[in-house]
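Read through the structures below before going on.
Both complexes below contain subunit A, partnered by subunit B and then by subunit C.
Moving on to the complex of A and B:
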């Protein structure tokens, strides 16, 4: 058996077919998995405090461990508008819109998790 | 025609070369677990082209075995993944070599196409093993397209490199008659 060390047409066909296969893999497993969420769950210290439909604009003030966190529902999303914590990471997380998105104000023990849409992961720990 | 001893010595030399590259690669940092260039496979491909399928299978198998002994991953999960990948890629190389024996000359594969097939087979087998045995989580599937794309790109690189090496080697020494 001798193998020709020059690129052949068959090589290009094989590479083309493999590329198509990889493209199909991207279509199958790389598509966005989480759809838009419909409900926000608000937790304080591990217990559920409130359940907000995301299609109704609203604001909610939640009393946490160190003060009041202000949540805002708008345009099908929810965000921490303000929180008494130092770094404001929860505020900077911005609007959450997709199924199983989550944000938390850890110092204040307030967290928000979205349900509906498709779950893109099982759980998240802080 | 070489004697059996000469053939063994040849396989030993090439396997040693492949092990060195294997070890060097194991030390390279990788952005995503599972992605590495697979440069050691260049040796397997060159041996396949110049010395035939049997020698290439030996070099590929010895490389995984001896490489894991030197790195210290022998019989660890890493070794299972590496061996599974090697078995799959060598099987695909064997099939491709058989194809070249029966295919008309204009449908034959060079090392470029064979390298790509071997790389993608290697990655697929590793992924299935990793997914079934170690991390049976559907989230892992999201990684598959990226891994396959990387395997294909590196397969093109190694296949091209192997072709170039065989061309250069042919200038230095005529291709030996394959066993």
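Moving on to the complex of A and C:
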């Protein structure tokens, strides 16, 4: 088999089309989702109470309006491990790991928001 | 330099120049200064481009926002001795009650939206909200109330749409009407917050109250770039779609994931259908975009209650051109204008729904 090392116009067209295709595929399949966050901000009543790096496993007890919320940092994420609220919607939210993730114990006025990661958006609607 | 070397260096040099051009042509997105406060029973985040004002000015202005929102909340609390609480107390005793000037514009707007939405949004359901316990994050129930209790409240006046407003009074068909403005007041509160910031000399800001927001100005030379969270997020699918918010635009979403309890495997959420007194069925979330944040707020609720069947009719009745509904199966239904504005971030089955003329 012989090969011709000479690049032709046709080759350039094919390469160009491939590049366009890869670009379109990237836009279609790898559109930016929020990436892993690096820091959790903990708020009580709207005021910042603590900043927790997500790469250091830790437990933090936060005094809110009706009691103590227990936050657990593990495996690069943070969760409400326990909270004094009745329905535990905050606990059920599970681990938060991505930029823009947030959870709140509304009755206890304790909330957690994640920063860092792929912060592609100015704000999140939900 | 010989010709062969020039030819060899040409491609790498060209790539370097292109990268340089790409870097230099970035408009230089300013950092956002974010301030948090707790108001209206939720976390409120104020974002201001760092180039729009000094951090101290932003902090002081956000403090003023907090004061304004606290006063707003006192006025619109459905119970107690605030303006709305007083009105509700009067309406419990009498079909006709004096209407304070401070309440009238928003109640009149809410009534108009209630009527146009075919009561899919109606703030007259305060007693039903209370029966379900959704007025208090700590009070809502573990199981649904008895049908007899719900039906008893449906037999009483529970629709603002059916009341009569004049310059100084609100007249219900009978005593017992009570208003809960939770489905519209957040919109007005967000707008007022932007007014406060504007008065403090800040011309570019975004106020996000518990996930619902309105934009003012822009970020540097670009619009506000926001994303809508997926109503059923997973580890790999956090966001549903992205959207650019232009100056003055508000985007509000109502979802069944905000306040709910589960009983016998069924989810009971806070978005009650005023016509049945029970949580509306058939949707996971509804999103409305409008330049009047109060309209966006009420429309998100109305569209959620409308479900797929009445989505287009309800959007048209409320003059909402930009609307999105995610049904119970996770399928998306968008108006043509909304579809044009959205950049989908997850693999979603989208149906574009034309609005009736």
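What we mean here is this: the second predicted complex is superposed on the first by the 90 of 126 C-alpha atoms of A that agree within 3 Å, B and C clash if a C-alpha of one lies under 4 Å from a C-alpha of the other, contacts with A are read in each partner's own complex, and residues count from 1 in each chain.
Here, a residue touches a chain if its C-beta (ideal position, glycine included) is under 8 Å from a C-beta of that chain, and two chains touch if they have at least 3 such contacts.
Treat the numbers as computed from the prediction; the structure is a model and nothing was measured.
Judged by the touch definition given at the top, the superposed model places A:11 against subunit B, while subunit C stays out of reach. By the document's definition of touching, of the two partners only subunit C reaches A:47; subunit B does not.
In the superposed model, A:85 lies in contact with subunit C only, and not with subunit B.
In the overlay built on the shared chain, the residue A:19 is in contact with subunit B alone; subunit C does not reach it.
For the contact definition in use here, the residues of subunit A common to its subunit B contact set and its subunit C contact set are 33, 121. By the touch criterion stated above, subunit C contacts subunit A in their complex at residues 32, 36-39, 41-45, 47, 66, 137-138, 140, 206, 208, 211-213, 219, 224-229, 235-239, 242-243, 251-253, 255, 258-261, 287, 343-346. On subunit B, the positions that touch subunit A within their shared complex are 48-49, 52-53, 97, 100-101, 103, 106-114, 116-117, 120, 139, 141-142, 144-146, 148-149, 152, 155-156, 159-160, 162-164, 166-167, 170, 175, 178.
Subunit A makes touch with subunit C in their complex at residues 31-34, 43, 45-48, 66, 85-87, 89, 97-98, 100-102, 104, 106-107, 109, 111, 113, 120-126.
Against subunit B, in their complex, subunit A makes its touches with residues 1-15, 18-19, 21-22, 25-26, 28-30, 33, 121.
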